[in-house]
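Think of it as A, B, C, D, E, F and G in the order they're written, each chain with its own count starting at 1.
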Amino acid sequence: MLIAVISGFVFALVIPLIMGRLKSKSTLWAALLPLSIFVFFLSILPEIQDNGHVRISYQWVPSIGVNLDFYLDGLSMLFVLLISGIGTLVFIYTSAYLKGHHFLDRFYAYLSMFMASMLGLVLSDNIYTLFIFWELTSISSFFLIGFNNDSEASRKSALTALAITGIGGLFLLAAMVGLGHVTQLNQISAMSSLSEVIQGNNLYGWILLFLFLAAFTKSAQFPFHFWLPGAMKAPTPVSTYLHSATMVKAGIYLLARFTPVLGNHEWWNGPLIIVGAITMVYAAIHALFRLDLKGILAYSTISALGILVFLIGLGTSAALLAAAVFILVHALYKATLFLVTGIIDHETGTRDVSQLGGLNKVMLPVGIAALLAAISNAGIPPSFGFVGKDLIYAATLGMGDLAWPLTILAIITNVALLFAGFLAGIKPFLGKLPERFQHLHLPGPAMYAPPLILGILCILFGLAPFLLESSLIQPVVAGLTGTEPDFHLQLWHGFNLILLLSVITIGSGTALYFILKPSENLLSKVTAFEGISPESIVRLISSGFATFSSGWTRFFQNGYLRYYLITILSFISLMLAYRLFTGITLYVDTSTMTAVTFYEAVVLIIMAVAILFTVFSKSRLVAVASMGVVGYSFCLIFLFYSAPDLAMTQFSIDTLTVILFVLVLYNLPKYLKLSDTRDRVRDGLLSLAFGTLISILTLEVMNETVSKETSQYYAENAYILGKGKNVVNVILVDFRGFDTMVEITVLAIAAIGVFGLLKLHLRSTEKE
Amino acid sequence: MKTIIFKTASAYLLPLLLLFSVFILLRGHYLPGGGFVGGLMAAIAFVIHSFANGIDKTKNIIKFHPGFLMPVGLLLALTAGSLPLAFGDTFMTGLWMKQSVPVIGSVGTALFFDTGVYLVVIGVTLTIIFTISEGL
Amino acid sequence: MEILLVIIIGLLYAAGIYMMLRRSLVKLIIGLILLGNGANLLIFLLGKIVKGEPPIIADTEKMLGEIYADPVPQALILTAIVISFGLQAFAIILIKRAYKVVKTDDLDEMNATDEDL
Amino acid sequence: MKTRFLSNLLLSFIWLAVTGTFSFINFVFGFILSFFLMWLISKEREENKYFYRGPKLIAFVFFFLYELIKANLQVAYDVVTPSFYMKPGIIQIPLTAKTDLEITLLANLITLTPGTLSLDVSDDREVLYVHAMYVHDREEFIADIKNGFERKLLEILR
Amino acid sequence: MSNPYIVLPVIFQLFVAVVLMFSWNRKNLQKLISVIGSLIALLISLLLLLKVNQEGIQAMQAGGWVAPFGITFVADTFSALLVLLTAIAGLAVSVFSVGSIRNARIKFGYFPILHLLIMGLSGAFLTGDIFNLYVWFEIIIISSFVLLTIGGEKAQIEGAIKYVTMNLLASVIFLTAIAILYGLTGSLNMADLSIQVAAVENRGLVNVTAILFLIGFGIKSAVFPLYFWLPASYHTPPPAISAIFGGLLTKVGVYALLRVFTLIFIPDEFLTWVISIMAMLTILTGGLGALIQNNMRKVFSYLIICHIGFMLAGLGIYSTIAIAGAVFYLVHDIMVKTNLFMVSGLIFKFKGTYSMRLLGGFYKEQPLLSLLMAIPLFSLVGIPPLSGFWGKLLLIKGAIASSNILMIAFIILGSFLTLFIIAKLWAAVFWKDGAELPRKKHIKYFEELKPLKKKAMIGSIAFLSVISLGIGFGAEWIMRLSMTIAENLMDPAPYIQAVLGI
Amino acid sequence: MNDYLIMGLSTLGAVFILLAAVGVVRMPDLYLRISVTTKAATLGIGLLLLAAGIYFNEFGIYSRVMAIILFMLLTAPVGAHMIGRASYFTGVKLWSGSKLDDLKGKYHPKSHELSSDNDQKKDENK
Amino acid sequence: MSVYDYLYYVILPVLAGSTLLIFIRFIIGPTLSDRVVSLDLLLTTGIGIITIYSIHTDQPAFLDIAMIMALIAFLGTVAFSYYLEKREKNE
């Protein structure tokens, strides 16, 4: 099973290397990978049927519980087969669709990487690896959507898709970590028994919120749905694979997967029903007015995803059964329609449905495939779609008080979906073939076979639902509900309410198909409402966010050094002040202090005046000289207080500093009076505040008695062990010699720096 | 600066100050002074000379670029610090000669270390000041 | 005396910061130097100052007497002074180079690196 | 060579004085040190003669101290009393002294005497410009310098 | 467990620098010495980490003076690991410099100072003495000043002035903090301080001192609202220099924060609250800043800030797992940021610009190189299982465990912004069709370089990419190290024992 | 005896320094200030140092004291000359009560070469 | 009155007072040269204070600082003169 997952990644790495070498015209062989995976999983199907699941585990980062725990049960199996099965067809289709494309190897690489991620996702039992594969699907879809990277629109939609699903992914991580924290477990399959514990935890609400955000973004639920139509910029195989059959279902998978763990709680059901319902109706209505085939399909996909969320939200076993079946139903017919659309686009160069018609005359097999899919989509018997739709109505009708409102919503949705299906699957093929399409002919079998196969399956499963019932659907439902399933899939339930609803649906949908003719005119009327659509709102928010970003950034990083300093210093001052005045009882202990003598006072007065003079002097050199006076006063203070070495050093360094200034300043222009009074007052207050804080702090620290253990040690051992009598010097060259070592290195670096700064003048050819 | 008075005085100050700087260096372990101040004094001697006679002349006197003293001094200090490693001690452990040397007193790695400091400081100060003055 | 030194420390910090907030690069660097002086004095003061007893062992003794100035802060300040000198020297030369390439010492005219968005 | 040796010796003695330790070993150390230093800085230095006229030197020192104190009192009086009696000005003094050392010593001695300040020497070493506080008569002032400091100094140096 | 050799990574770099200074005018010799020296340094650091891993915390008392009287060096897992990472980044940058630094700069001491910078970083990681830490910080600052300004172009100088000013301010604050700490305890040895500070009765003063340390190190690690120097300067020097800066300079501040706030000052509720708020705003500010930049290097600069926020978040959450997260993130970030600045440098070598608006078509022109570059780019995003993911995972775990939902929100925001920004950059630089750019005569373009230089540049990027990949896929190893480190940080007793023997 | 010597010398020294201090404040122009201060202060310091020498009464101290005095004697006048000369051509004016200024116009404005052209000589030659 | 008291109560205050006077000149200037001269004089007076202080505290070591001050003070004056001359030349 690990191999099945890993092989996709390996393939992705290897394919760019080998495809160039092979020089083979056809790349059909690439489909062998998904095909063998499909066959492999198909071979495990009986085991699932018998035991319910297969489990494998590989250690990866065991210290935090991130392991490759794979768990294959009915639900996973459903998805695995969809992924590898439709994957096979898409790989085949691609070999023709992108034949000769310069970067075909990359495309296959992304595609197989995506497939592997998807497989990993649905197989993961470990909460972290689940997330890991989830993210990998997002990122590989980013590359796939942006595959036509010359086009700005394509790049933009890749970014949008990544942004939306990416942030959802991060919420998934949070949800998973939260779950892991609450349960102290890493394996999802082990969590269902802790369902009540989780729901009792105060993180439950957050976990749900995060999980929903993840699922809704990935599965394009209102109001996050808009990335999906945008993602249609991708090549058709991508749309087929990601945006109808697999990736967008990841969110559904996630919700389904966690139904036993988190479900059966009003916080779970309520939001899902509401969001699902809004999505399905909203998107279905949107689908009515599209002209672009892919747009129609995208909106109908969103609507279908809404239905699925809605069903999972209903949470009854009937609803979950309906969901399980509808996943498959939708995957089959929608993949078919996408592939067909791709062929139409590929051959005619347009996807504008109002311009298409009569293509049956030139590509009949494609038309047949489309027709079969459209029938399934419409839920017309004997298609598999009919089975699915029946189950949906059964589920909504079983909701007690809410039965009718919910059912009506479902009907509206289905009517619109039917319309959309007809528009995409039937309209292009019937009617008159436009002049300019006369010369078209049927593309190769690699292209039309995949949709045809899928179309046939749409009907086959409708005619013979038992093929799936015990092998696949039952294990799925068993996993979701945790009970032994007692249902039978069948096409014909007899004349009942549900059948009536189906008839109503099909009837009104078909009527709508003949009444409503999509046109530019209509579309533009609809687009007039886009100002209040979620997409525009998000765009508004994101442009607002961009404005905010640049405002925030420019506000802080405004280019003016002194504002940076003011910010930093205000921050320090506030923090210091807060901590000083809330945490310390201020007092001053004068008992230990030394008396002031006249000469010291004079030195201090001179120092203070010199400091002020430095600050307020009008000439740079006077400021420098006056700074020199400050330094010399220092020297005396050091001397008075028993620090001859310091006095010496301070003195020499001060003089050198003054000299450096003097040498540097000689050609600078005069000081300008550059700040106004307000600035100066502000700066003055800030400086004073900071100075005062430091003074107060110093006073307080001086009250503390200090352990003199270290200096005592030096006093006793400087001569005996360090062989020197000037203790300061012994510290400098011995006790703390390392400091001095570094200190002279600092000096050397500074000298090299000065040398370079003054001597290095890059020639115009060396300025990088 | 072309003044005879300063030029002449500097010619006498130079050896005096250099002598003095060595004095400051050597006695640092016992009294205020040491490699840093000593090095500064030496550097100042040359700086004064260069102010009086022009940098080129002072450079001629020194015979090599003063910056060369930096790696030399660093190497000296580093060697003094690392030597103990050869004796199984940790870095910077003081090694002392058994007998003390007249004039200097006990001779140990600390003195070599301080001499390293002295050389680096000369090198640094002269490099900086000469570089600036040349740009004037 | 300590009180006065404390005031001087505060004054040095305040003056340093005030200078750093001016528009002239020269003032900025003078401000940094004043600030450094303030920090040095702070170390000195907090090591508990002692008058007239430098930490030098008398000729006849093998260790310091009862009262002596704490040599540790002195050694620390020495290191700090020298290091700051290195940095200051570099900063001062930076003024020169800046004047050469930017033709001003007005800091407000040196914000191209932040503007280029 | 001889003067070189003498300088070396002199520096060694200064070393002794500075270090304050009179011992043969310290002398040897000082000698080696100053030898090394002289080698280090030798290239540009002119060779100079050193003092060999001891008595005159001592006499000169006393003469100088006398001048120093006399002038100091004069200046002190002017500084302390409220009104100024001085008549300052810059005077050009022709030089008899020729070598750098002569000129420098003379100029410095003049400066060290209160009330006078050697401002500069002309580039052709012909004249010394002196700022003086009490220039009652220019000729007299010049004569004072020439017969006083300069003559006595040159007697020692030549 | 006194071990005289633990300072070897430090003094060996000094030795290399001195040898380089002796070969002042021989640029090819300098390149050779630098690369070989970096290789040996890498070996030494690797041995050190192995030693520490096997035998526990190693301490060394410089000069043989018993702690706390001399200067102590301590190699615990954290220090040793960071020294190793420094050596790795150092080797990469050294090799990259061989390819990308122009002769003019080499002639003015580029290589010696690069090695001194690395020495300073290693010293800062290894020292166990708070004043000695200050001294190492100064080495780092001065060498970074010099590297930043070497060449002295206008932008470099303008950036340097801001960099210099704010870093010197940080030094002064750090020094002030040391002064106060000494005034309170009379000690400088960090292990000793751990005991002494705990014994100080006036907790108010300890708290104030902690604030000073927070701000001093905060400026160096470029956290909000103290970060301004970074975006003003990091994009100005040659890319090799940006690389070593971007990878390591702020990290040493983070290291100091982590060390000081676990060993000496145990933060109270207020402080963790402040740190958390700062972390969140740092993430926000970095992310927002990067979002609107056009210069690739500026994007990375702001992303440094953003990700420093992650590391600070670990400290703000203050639990073993969160700190382990911060440490893991630190490890990852050093490798990736270094690499990204080199990547931008290489792109510049091809295209002659850093502007994302002008760049484009790189994927089409250099597909394999693009894939190589994708490794650090997407590692930075933390696309699992690449290296950036693991630290974040731990951080979120830590935040969840302390029910800090707000922090999670900001971590998510930061990750999201990073993802979006890198995707945008990818679209702009690699996907978009590149305009025909005018050739600039001051640039030596990639194709004009000698093969050795080409190999050097690509090789160093590949080297770091492989290491990033290793961190991502072999996360277990780093994860264990991070957990050990976090446990050691949260319980400093072994550290103190190793230093003081008590 | 020594004590009185010390007190005497230090008093004298302090007075000279005070004199210099008063002088530097009172004197009306820069050159006069230099004139007054250089020597008074040098003399004052010399005396104070001598007092210290007598106080410690060790050869080492004496020699050091002498060394300082020597240095001061060597450097003080040179410094005075340097700053005086530099001030002159940066245009520091003489006091209004000054009698004569032989230096006027003798410095070459650009090269700072100082000529010895003696107006008086010229007068005599005529 | 002992010699210590004399130095402490008479000489040091006189020197300190002189320092103040000199500093006044530093503040009022008016030219840079004036400030340089007074700076030089300040240092000289400082040397005096150090000398007396070394007697007062019985610390001959302080005399060394006086020595170094004497040497370096000269450099400051020289540098300023150098500056004044250069500036004038460049104008």
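Please note the rule applied: a contact is a pair of C-beta atoms (placed from the backbone, for glycine too) under 8 Å apart; a residue touches a chain by one contact, two chains touch by 3 or more.
Being a predicted model, the structure only gives us computed values, none of them experimental.
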Shared interface partners, meaning chains that touch subunit E and subunit F: B
Common touching chains of subunit E and subunit B: A, C
Innermost chain, where centres are averages of C-alpha coordinates: E
Pair exhibiting more inter-chain C-beta contacts, C-E or B-C: C-E
Inter-centroid spacing, subunit D versus subunit C (mean Cα positions, whole Å): 40
Inter-chain centre distance, subunit B versus subunit D - centres from mean C-alpha coordinates, in Å: 30
Whole-Å separation of chain centres (CA-atom averages), subunit A against subunit B: 61
Chain centre separation (subunit A, subunit G; CA means) in Å: 70
Contacts with 2+ other chains: residues of subunit F: 22, 34, 42, 58, 60-61, 64, 67, 71, 74-78, 81-82, 85, 112-113
Contacts with two or more other chains, residues of subunit G listed in rising order: 15, 17, 19, 32, 36, 59, 61-62, 64-65, 67-68, 71-75, 78-82, 85-87
Residues of subunit A whose C-beta touches two or more other chains: 550, 557, 559, 561, 565, 597, 640, 644-645, 647-649, 652-653, 656, 659-660, 663-667, 694, 698, 701-702, 706, 708, 710-711, 714, 725-726, 728, 732, 734-741, 743, 745-755, 757-759
Chain-chain contacts as defined at top: A-B, A-C, A-E, A-G, B-C, B-D, B-E, B-F, B-G, C-E, C-G, D-F, F-G
In the complex, subunit C residues that touch subunit G: 51-52, 54, 56
Residues on subunit B engaged by subunit G in the complex (per definition of touch): 1, 6, 17, 20, 24, 31-33, 37, 41, 44, 47-48, 51, 136
Contact footprint of subunit B on subunit F as seen in their complex: 67, 71, 74-75, 77-78, 81-82, 85, 112-113
Subunit E residues touching subunit B - in the complex, by the definition given at the top: 2, 4-5, 7, 11, 14-15, 17-18, 21-22, 24, 60-64
Partner subunit A, residues of subunit G touching it in the complex: 12-13, 15-17, 19-20, 23, 26-27, 29, 32, 35-36, 39, 42-43, 46, 49-50, 53, 59, 61-62, 64-65, 68-69, 72-73, 75-76, 79-80, 82-83, 86-87, 90
